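Chain IDs A, B, C, D and E follow the sequence of writing; residue 1 opens each chain.
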Amino acid sequence: GNGGGNNLEGQIKIDGSSTVFPIMEAVAEEYLAENPRVRTTVGVSGTGGGFKRFIDGDTDLSNASRPIKTEEKEKAAAAGIEYMELQLAFDGLSVVVSKENDFVKDLTIEELRRIFLTEGGVTTWQDVRAEWPAEEIKIFSPGTDSGTYDYWNEVILEDKEMRRDAQLNENDNNLVTGIAGDKYAIGFFGYNYYIENADKLNIVAIDAGEGAIIPTNETIESGQYAPLSRPLYTYVNVASLQDEAVYNFVIFMLENAGDLSEDVSYVRLPQEKYDEQIQKIKELRN
Amino acid sequence: METVIAKNKENKKNTQASNTVFKVNDLNLWYGEDHALKNINLDIDEKKVTAIIGPSGCGKSTFLKTINRMVEMVPIVKTSGEISYRGRNVFDKDYKVEELRTTVGMVFQKPNPFPKSIYDNIAYGPRIHGIKNKKTLDEIVEKSLRGAAIWDEVKDRLHENAYGLSGGQQQRICIARCLAIEPDVILMDEPTSALDPISTLKVEELVKELKKDYSIVIVTHNMQQAARISDKTAFFLSGEVIEYTETSKLFSNPDDQRTEDYITGRFG
Amino acid sequence: MKHIDQNKLNQKMKTRLVVNKFYKGLFFLATMFGIAVLAILIYRILSQGIGYLSLDFLMNFPSRRPEDSGISAALVGSLMLMVVVIPVSVLLGVGTAIYLEQYAAKNRFTNFIQTNIQNLAGVPSIVFGLLGLTIFVRYMSLGDSLLAGGLTMSLLILPIIVVASQEAIRSVPNSLSEASFGMGATKWQTIRRIVLPAAIPGIITGSILALSRAIGETAPLIIIGAATFAPFYPQSLLDQFTAMPIQIFGWVAKPQAEFQYVAAAGIIVLLIILLLMNSIAVFIRNKFQKRY
Amino acid sequence: MSQKTNSVSVRQMIQSNKKNKGSLRIIESVMPKLFLTCALISILTTFGILFTLIFETITFFKEVSIIEFITGTQWFPFSHSSPSYGILPLISGTLLITVIAMLVAIPVGLAAAIYLSEFATDRVRRIIKPILEVLAGIPTIVYGFFALGFVTPLLKNFIPDLSIYNALSAGIVVGIMIIPMVASLSEDAMSSVPNAMREGALGLGSTRLEVSLKVVLPAALSGVIASFVLAISRAIGETMIVALAAGSNPIATIDVTQSIQTMTAYMVQVFGGDVGYGTTLYYSVYAVGMTLFLFTFVMNLLAQYISRRFREEY
Amino acid sequence: METVIAKNKENKKNTQASNTVFKVNDLNLWYGEDHALKNINLDIDEKKVTAIIGPSGCGKSTFLKTINRMVEMVPIVKTSGEISYRGRNVFDKDYKVEELRTTVGMVFQKPNPFPKSIYDNIAYGPRIHGIKNKKTLDEIVEKSLRGAAIWDEVKDRLHENAYGLSGGQQQRICIARCLAIEPDVILMDEPTSALDPISTLKVEELVKELKKDYSIVIVTHNMQQAARISDKTAFFLSGEVIEYTETSKLFSNPDDQRTEDYITGRFG
């Protein structure tokens, strides 16, 4: 691509979603190999935390695992931050239980709701389905600042309150450890964490009315794994695009996002989507 | 007091044959390379006060601490020779130091009461030896304090901290503490050197009193004191016993020129 | 009546000696417990991490691929952090110690400073993180830069250095300063030429131990927001940075199991550095122990 | 004056050098001020901490009632609809960890102190003390992984019901981390008991154990207790071990097999996700930080009070 | 050495009129409430050795430290009265202590060389007073070491640490260090009390030698020493000067009963 020219210098600050982090880290790493003098930092503040810094003008790119919210849009406008939304890959929120858990194979959206909501009134697995053991359910969830939580909150919880004894953790690996170590635990996180830890976890098929579906590259890309598959974004500050290094980086990112996403166990977008976005960036720049 | 006397009368009968408590044979001691005691031969008599004098660093304290094996606290110490206490070699493997030190009490140069009440100081010894009965302990405390001639001064403040006492009183508390376990021998290392003249006098009188019941070995740097209170005196010089004889003889008519030089103040 | 029965006493003596022996063993085991834990901990980390430890690991920047990952950025970041921490904390710490030991009168105010320092030494490191975030990162607008991190760490270890330096200064015999004053030397001359040179081994030892604490601290850096992926060497004090504990923290959060081993390799490097610092400190302490 | 040495008298040289002593005088008057400034920085730091905490905590209390904060029994700040900010569960979690840690650190640390001060030979002490110092110098993040990766699986063999994140494992490891501190501070206190005290007791036929427990330990008691209190303070403030191994479940429980959350772990949780500046959540960290600070502050003062008030006079 | 002598000859001319270096008038000193020096009146003669004797705690060291105002290092000290050094009151506001202490040197009870090389120890004084020239320093070092009668023993190891020397050598190093800034008066506080007899002898001889060039005030607890080396002796008791006169008179025929009691060993 035109990412070459290792005499480019500059500084790029990226922050935001932990879900998107592995993709962006891969992009930054590859970019660095070609442009060793561009100093790129990628933080992991969660989608919401990232947007706050983005709106403060602290960062050039903000990764997100959900689209920007209306109130965030308004704040950005108030702060005079112009941005552009870019999609990088697909993710499928994966609902998992421990490998030791031999009874939960699939769950309906309704059941998920009952398990995760305070008002669901469920405390043991038996309360969900009578044939399951009367053991207390332990719930693990990404922290409330994460886009993953927001997405879950929107499509599953419908903005009602999650059970208060849920363990919230910003660190997805802690969720993996927590769920893997407890036969009666359940939780959810990004597709790649499931793929990387498939040996420790059982995936739960989700039945949204059209039969139980498990997340795979195909079901996610096709949208069949609904409603839990979602696109992953990064938002770029338009003003930053004037900076040669940032511009160069964004182009490089879009050119390589497909391969790199798969590399880190996410699902690539159709190639036209990337080309279209590259086009838009180039137009913006001119 | 009565009991002590009773007991000791009894003892006297048993041991009348020999009136030697300690027999020291060819004792040598090294601190690492430093030969601190050289071929010491010396018998310590029962119910007598034996004084040890000599210039600083000649090994007086070392000798005293060897008798009750306190010197073993210094890790680099090596000894050879024999010290027999009432016929039994104190260096014997199965002679426990704790047993030896229970029968051979010690009073130190600087008064070192424990930071506890006077009562607890005295009761310490009996307690570790398993005496728990309150009444017995009370008796022992009173008897020991009387024995150390300090009962009247402290009887109303037994439960105050021993550190509230004057140096001389503290030293007598330490002597009382030692008496409480009814030792056979009492070793004293310059017991009055940290005391004022009046306290010194009191302790000296006490020593003279105590020898009725106990065998006493006393190290002193004060020759007048040795002359005043002891029956026999040993003169140490650079780790050797130069002369050991009746106190009156040693101070009036010593055999050795070095002894004479020392007691007339020509060195030390 | 005789209070002490020789037979009973000897009987009891046997039990006492057995009890003594038993507890001696018990206390010894307790002492060894810490050492055993240390051994297990080191063994585990070595067995997990040694496979990833290589020259490449030391030279590489972080990577999404475990086998390409390296600690160099974090290592350099930690060292650069020291570039800020050493001058700030040592100068302030020794200065404070000199003031307290040599100049301050024994009054309420001095007492207050002293108490204050002791209290600061007990403030949890995460609270220092909040201080750094509020004052350096936000109020002074230093952002999550080396300077902000370094100043935060400096304040964190300042009390340790003060206390160690005070002890070192105090242990210089008074007779030496008296001799100096006796020759007409002024106070500062005496401090500079006599007291400080004699106290310097103690000061260095204490400072190294304090610095090794700063190198291993994680919580304050998390609070002030040291970056997770910063694949470069900081060029200036206002650059963002990553440090070894943060890098290790990041690796452990990775989905791939291999990164646990990478993290272990990172811990090995961190521990080697700490061990080196500790040994230097112990060496200095033993070498210069009590010469007066 | 001698011709052989062409030097003038030293006294004259000193006299003539006195003229350019002006700069010396200036240094002499500047230095104390310089050092006073250094000392003032430490006071400034304290004020900085207090100011920071108080200021932001007040902002927090404008949004959340202080009554709820102190008396509430629910800590659920993340809820979008109805967050609750009762700090009790965090305090309970903190205390639970502290108690477990102390149950490990005090007996083991004290026993090690007694061994080192009263039983060990000089050589053994010289070898063991630096090793213990190494143990004290290991970064807490390393201990955190140790707790999660080793101690918890180990305990799970005995307690199958153990949560993967639990108070027990974190508490034990915090305790282990603190052992060297208790051991070395207590050992210092015991070693400073004069030898005369030991000799006195040994001379009465005491065993080493009796000397240690009945004479040395009581004499060093205030120093020993002060070391406990400092250790408690340290346990309260410990962060990375609990953040990694104790979980993030703010419930008030005494069930040590459960996941709990401490004050420090909460702070890391929030900042690990870098909350936005200015939100209630953001300020809540300062309120928790303030509480944490008060706890440790009281402990530190207590330790100083104990070691000052009950300083032994031998 | 030559320069010293030369210089001092010169001095002698200037001060021949009065041969008093210090005049102490009604000096009182308190440590807090504790009245440690009471109405001291005493003149110190030039090129003489003045000895100060008295029992422990009588204020000897305090008096010595007051002369060069070292006592001011104790914050609670208060003084009244006057000490004039060659006609100038040392308590004068504009009399800098550093200046006073440069002309009035001091040697302490325990040898206290700096933990530096022998050379740096001696050069310390000249250096702090701004003498930097290497050659001058070399000369001063040699001259001072010769003056303290230790040159031959150390001339081959000038750059070794002074702590490698024996106690007696260290003390002479301290004296040499003091000589290096060519003081007018030398104060010595029990300079031999930590030394063995042979070292003591050497230092005593040195003092006798030094008085040719310096005025010396020496505190000693050893009456024989005072008798051997001093010209005048002051006997202190509880902060007061009981008697101050020619040494020969004080030891043979003291005016005061307390002096007599003390020198005959009746107390102290």
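Operating definition for what follows: contacts are C-beta pairs under 8 Å (C-beta built on N, C-alpha and C of every residue); 3 or more make two chains touch, one makes a residue touch a chain.
All of these numbers come straight from a predicted model, not from anything done at the bench.
Novice: Spelling it out: a chain qualifies if it touches subunit C and also touches subunit D; which chains qualify?
Specialist: Looking at subunit D and subunit C together, the chains touching each of them are A, B, E.
Novice: To test your reading of the model: what rotation angle superimposes subunit B on subunit E by C-alpha positions, in degrees to the nearest 5?
Specialist: It works out to 175 degrees.
Novice: Out of every possible chain pairing, which has the most C-beta contacts?
Specialist: Result of the pairwise contact count: C-D comes out on top.
Novice: Based only on mean CA positions, could you tell me how far subunit D sits from subunit E in angstrom?
Specialist: Distance between chain centres: 50 Å.
Novice: Can you compute the centre-to-centre distance for subunit B and subunit E, using the mean CA position of each chain? Integer Å is fine.
Specialist: Roughly 43 Å separates the two chain centres.
Novice: As a quick test, compute the distance in whole Å between the mean CA positions of subunit B and subunit D.
Specialist: 47
Novice: Residues of subunit E touching 2+ other chains?
Specialist: Where subunit E meets two or more other chains at a single residue, that happens at 99, 102-103, 129, 181.
Novice: What parts of subunit A, by residue number, touch at least two of the other chains?
Specialist: 43, 45, 171, 174
Novice: Do you know which subunit C residues sit against two or more other chains?
Specialist: In subunit C, the residues touching two or more other chains are 16-17, 186, 189, 225, 252.
Novice: Taking all chains into account, which pairs touch?
Specialist: Between chains, contact exists in these pairs: A-C, A-D, B-C, B-D, C-D, C-E, D-E.
Novice: Please name which positions on subunit A make contact with subunit C in the complex.
Specialist: 13, 21-22, 25-26, 28-29, 32, 39-45, 58, 171-174, 176, 192-193, 195-197, 263-265
Novice: Which residues, counting only subunit B, touch subunit C once they are in their complex?
Specialist: On the subunit B side, the touching residues are 3, 6-7, 96, 98-99, 102, 126, 128-131, 136, 139-140, 143, 181-182.
Novice: So in the complex, which bits of subunit D are touching subunit C?
Specialist: Residues of subunit D touching subunit C: 24, 27-28, 31-32, 34-39, 41-43, 45-46, 48-49, 52-53, 56, 107-108, 111-112, 114-116, 119-120, 128, 130-135, 137-143, 145-146, 149-150, 176, 179-180, 183, 207-210, 230, 233-234, 236-240, 243, 264, 267-268, 271-272, 274, 277, 285-286, 289, 292-293, 296-297, 299-301, 303-304.
Novice: Please name which positions on subunit C make contact with subunit A in the complex.
Specialist: Touch residues, subunit C against subunit A: 61-64, 143, 225, 227-232, 235, 239-240, 250, 252-257.
Novice: Would you mind writing out the residues of subunit A in touch with subunit D in their complex?
Specialist: Touch list, subunit A to subunit D: 15, 43, 45-46, 48-53, 56, 138, 143-146, 153, 159-162, 164-165, 167-171, 174, 177-178, 180-182.
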